[in-house]
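Please find one structure pasted underneath; my questions will follow.
Chains here go by letter, A, B, C and D, matching the order in which they are written, and residues are numbered from 1 within each.
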Amino acid sequence: MKYAYYPGCSLSSTGIEYDMSTREIAKVLGIELWEIPEWNCCGASSAHLTDHLLALALPARNLAIAEEAGLDVAIPCAACYARSKATEVAVNESEEMKKTIQEVIERKYEGKSKARALLEIIGESVQGDHIKERIHILLTGLKAACYYGCLLVRPASTAFDDPEDPQSMDQLLHLFGAETVDWSYKTECCGASHETSAKPEIGISILQKIFIAAQNAGANCLVTACPLCMNNLDMRQIEVEKYFSTKYNLPVFYFTELVGLALGIEPSKLGLNKHFVDAMPLVQEVLNRKGGEQA
Amino acid sequence: MKRVGVFVCHCGTNISGTVDCAQVAEAAKDFPNVEYSIDYKYMCSEPGQEMIKKAIEEHKLNRIVVASCSPRMHEPTFQNCVERAGLNPYYVEMANIREHCSWVHPNEKEGATEKAIDLVRMAVAKAVRNQPLQKTTIPVTDRALVIGGGIAGIQAALDLANAGHVVDIVEREPSIGGKMAQIDKTFPTLDCSACILTPKMVDAAAHPNINLLTYSEIEKVDGFVGNFDVTIRQKARSIKMDVCTGCGICMEKCPVKVDSEFELGLAKRRAIYTPFPQAIPNKPVIDREHCTYFLRGKCGICSKLCPAGAVDYTQQDELLTRRYGAIIVATGFELFDYSVYGEYGYGKYPDVITGLQFERLINASGPTMGKLQRPSDKKEPKNIVIINCVGSRDEAKGKSYCSRTCCMYSAKHASLIRDKIKDSNVYVFYMDMRTPGKGYEEFYDRSREQYGTQYIRGRVSKIYPLNDKLIVRGEDTLLSQPVEVEADLVILATAMVAQPDADKLAQKIGIGYDKDNFYTEAHPKLAPVETHTQGVYLAGACQGPKDIPDSVAQASAAAAKACGLLSKPEILTEPIVTEVDEKTCAGCGTCLLICPYKAIDLKTLTERIAGEIVERKVATVNEGLCQGCGACTVACRSGSIYLKHYTDEQILAEVNALCL
Amino acid sequence: MSSVELTSLKAKHDAEIQKLTEQSGVDASKCYQCGKCSAGCPVAFAMDYPPRAIIRFLQLGLLDQALRSKTIWLCAGCHTCSVRCPKEVDIATVMETLRILAKKKGYIGDKNIDLFHNAFLKSVERNGRVYEAGLVLTRNLFGRQFFRDTGHGLPMVQKGKISMLPHSIKDNGEVKKIFENVRKRGGNV
Amino acid sequence: MSVNEALDQKTPTENLENWQPKILVFACNWCTYAGADLTGLSRLQYPATVRILRVPCSGRVNPQFVIKAFQKGVDAVLVCGCHPGDCHYTTGNYFTRRRFLLMRRLMEYIGMEPERLQASWVSAAEAQKFQQLITEVTEQIRALGPNRKLRDVQWEQWNN
């Protein structure tokens, strides 16, 4: 399968390990990623709060380039995905909007190239028996709380998974031998939009609830599909711990990192050493089990 | 010779204020066949009707046109009037110059008068072509069918039986009783539900005029008012009903345990079972889907143990066809499946239960013997949340309507909980409290004042487990603040919905249903228990959400309507039906496919043509079934089927008259 | 507490609210004020009015109150409210539309949030992409929160997560053009 | 004399200014006829251009009636009945809907403005809808002018 690849701004900086791991596992899984040349920022999460048209036009340019190449777009970042999807839907719903957008971006975009979440694409690519041969390490011992975040499966009308209790990431991880916990914060917002902007005090109490819920559910790590969530859960975890004088010690992974680990890719190539909450002890634990439980 | 009389009504000033009635009457004099024309202040009044009768005699009129209000208002009045003057009532034709003219064109006097003249001309043209029609009679079978053995069905059957009519109750479960049998107490009196229901069940079973057909379903309904031929499937019970004594040994010894439908999954039953101890008939049935004997051909314990030898594994479903004069549909409701709500845990949290499950939990004969304990760990709950409108008033995931009963039963649940557990706290999340019933508001007051129930106005957004609690998040909209309750048990007041197969039964009987599959009444105000199919009546929640008092009242109303039908040996039928011109009918059968009432059939004619005897098929109309819609007349390629009183000739005459 | 005179309000704001309804495609009159939105809102605790109340303002014609609220600036856009609304009112989109309108009218409910988004879009217009280090710096300077996040800054650089140079696309003419075209159409960017 | 001249004779141009369309409404007894009654009871006003003809069901309307009406010089025909799914006779209006589409095609085929034949669903409760419907259709037909296509006068001309 070939996709146009839209990494988005975060994946070249704060979310670099998401980018690294995505490219690595794509190679192994036989997914060809063609990075959209000269892609631009999709505007998330500022444009849609400033001007409706700008918010639709910015992602449209990227989609237009992909459409020219005849490809659907694979988007790892949940926020970029949500904004791009909104554009795709708007163009398909209204001829008038399609015309306006084409005039604004001065390119042709007919709404044929679809914005697709990386999680969905990876989930599809591992269906079938062939995947069994590719698994090097079973992720036994991982008890993951899958955190989908708010933007990946909303709005409900266009979502690829259930907005209240999504399962795609859980199923993906089960396939690679990890356990996932049943918890009710899968799609609760982490407040990332406030974290990155200017309201840290709002974020802290939201984050606290998520950490407690994951702990109570018996998880030993969090898994996410969004660089904003990652930043928030990983970078700010220590801050939240300090604020409430407690310890959560919950490493946070991108789902792509765990898939990469299971596929036998070296942890440093996946960027697993770049986390704020040290993920390596848990990774090491999994790797040490390798001897007994190699797939 | 057609002699038409035209009578133009002023309706006080209702018509004459806009339409120049004298001018209309004058213009009518020039219409073909009009012999007499006059205007008058109130045609429907006694002197007005006298005037018509007199004119008929004096001018030998044989067609009457009344230009006045809507025929939906006074057509029967004028039909009776001419009938008294010795004319066929179908010789009357009306021109609606009030609702369709003077009232809608008050500022266009000229236009309105011109229009009134047109309308009278059309009516005259049609009246001239009106044929005398006779109402015919059809016999009525004095036997009623009640479908559904819940409280509505039982009540309707008892009323009919007491009036001297034979009634069959068809109930698909092994016992009659319905949902009311599962309920613990009833609002607003807190009567024990079983204490008031079971005597009625016994009465129904013992009544000489009532036959119970339990574990049976409707297979097919043919026929028409007074003469419905209904095929009933009596499912194989695997028990010889006439031999079984109901001792219950079989049920004690059966090794199979499955979730009890009656206890809503809160307890187990055996594969041979009665749904509940007071079941009527109190004789078991074998659930063949789960019985080891039927699954693997082994076991047979019940058969070995039965002292009466009543177990019969070889029984087959039996089909029974009977003729009924009237049908009362009382199939009740189901509960909304709340597992569509991800925010309420998709039905995965054991301590989130429905209101009906709560009824079983608090019931002295229920799975916990009336001890209120939560399903997960059998602990006594201290903080209980009740959520109203789950599935009701929710266009997104549920039903748009209000289920009418939940506000009240939630208030009842709150009171019952506090009765049982004195130190408990009950929170009810509601959106609007709806208590329009006798004693209902007072009952709600008591639940707050006497039982200390905390009412919070707001819809719950999410329930999630935290340790062994359930966190319930809502907004107190009166406080404008989000609130959380750490609950031990959550009770959902789930919506009342139509039976899952309500539409299929409706299609079998030939009655209408709405977007939510509730059966539609003939008129929401004036014919609330009738259906559009004559002789079929509605009782209880199959027509829409209802509480017990309303269901019982409607059941008695339906029974009264059915009595009215059954107490006469025959009934008159509307003569506006279709008729086939057998000379030209080609017997193609297109009309059979079009007719929504299955009123048309093919019959074989034997004719002598050029000395030879030939057989050919022609369509024939069953006048008892035909409702006079006329759909077939348009579909007929040779124009061989026509609707009386609305023939092509009559309608075309009106069209022609309009354009003169 | 002064009372609100409803009749004149309605006349005054009817047209504007009608326009708002058209822009957002959301009919506030469908709302029956159950509060499910506010109960599920992750930031409701920080808001001056719960989201439900914002919809109520629109129903009554209290447009100014809605536009001057902090709520519309604090909305995180997570769409939990919209997904759960029993009347299918897309509350999140209403918030978005109100915020765009408020900005146009110069009602800035939260200066820091506004500064951040302005700086963000400026960065996009200049570089075609977002330059995160620059963004943090600008925000802190303008927001007078000079030392925020400095604790994270160094490890970020060490881990190769923030580069000190702006990322940009080679020829940013196209993106600049998009901004210009939006402005030509009356966009407030 | 050409057909158009003949028509002009019958409807002289000076009269066209005061010309009012004549619209025939086939109304089913259960929904639309009752809806029109309710329009009157509610005293909602609409132009006096329509004549309502009562039929038991919109499914009773034979395309022949429509053609006849146009031949006789009616300017527009409206077929009205219960909303789909609400037919008093369960399925009658479904047939109407299908027949109407065919008739509309026929109108287009013979070059008649399709606006002259309309179908609408008006329930017994929709007085306002009925009022709006009649007002709108009247406006449309006023703009189109008199029906000249199928009128008998044409046939008369050819027959001569």
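Rule of thumb we're sticking to: a residue touches a chain if its C-beta (ideal position, glycine included) is under 8 Å from a C-beta of that chain, and two chains touch if they have at least 3 such contacts.
All values derive from a computational prediction rather than experimental measurement.
Number of steps on the shortest path from subunit A to subunit B, with steps defined by chain touch: 1.
A count of contacting C-beta pairs for A-C and for B-D identifies A-C as the more extensively joined pair. Here the CA centre of subunit A is 23 Å from the CA centre of subunit C. Averaged C-alpha coordinates put the centre of subunit B at 36 Å from the centre of subunit D. Our note on geometry: subunit B versus subunit C, Cα centroid distance of 51 Å, whole angstroms. For this pair, subunit A with subunit D, the centres built from the Cα atoms lie 60 Å apart. Across the assembly, subunit A contributes residues 163-164 that each touch 2 or more other chains. The set of subunit B residues touching two or more other chains comprises 343, 462. Multi-chain contact residues, meaning those touching two or more other chains, occur in subunit C at positions 45, 80. Because contacts link the chains in a way that matches no line, ring, star or complete pattern, their graph is best described as other. Chains that are in contact with each other form these pairs: A-B, A-C, B-C, B-D.
Of all residues in subunit C, only 32-41, 44-45, 49-50, 52-53, 80, 84-88 touch subunit B in the complex they form. Those residues of subunit B that touch subunit D in the shared complex are 70-72, 96, 98-101, 103-108, 111-112, 114-115, 118-119, 122, 510, 512, 515, 532, 576, 594, 596-597, 627-631, 633-635, 643, 646, 648, 651-652, 654-656, 658-659. Contact residues on subunit A toward subunit B in their complex (touch as defined above): 162-165, 182, 184-185, 213, 216. On subunit C, the positions that touch subunit A within their shared complex are 23, 42-43, 45-46, 74, 76-80, 82-83, 90, 96-97, 99-100, 103, 110, 112-113, 115-117, 120-121, 123-124, 128-130, 132-133, 139, 143, 145, 148, 152, 155-156, 159-163, 167, 169-172, 174-175, 177-179, 181-182, 185, 187-189.
Touching subunit A in their complex are the following residues of subunit B: 341-343, 345-346, 348, 462, 464-467.
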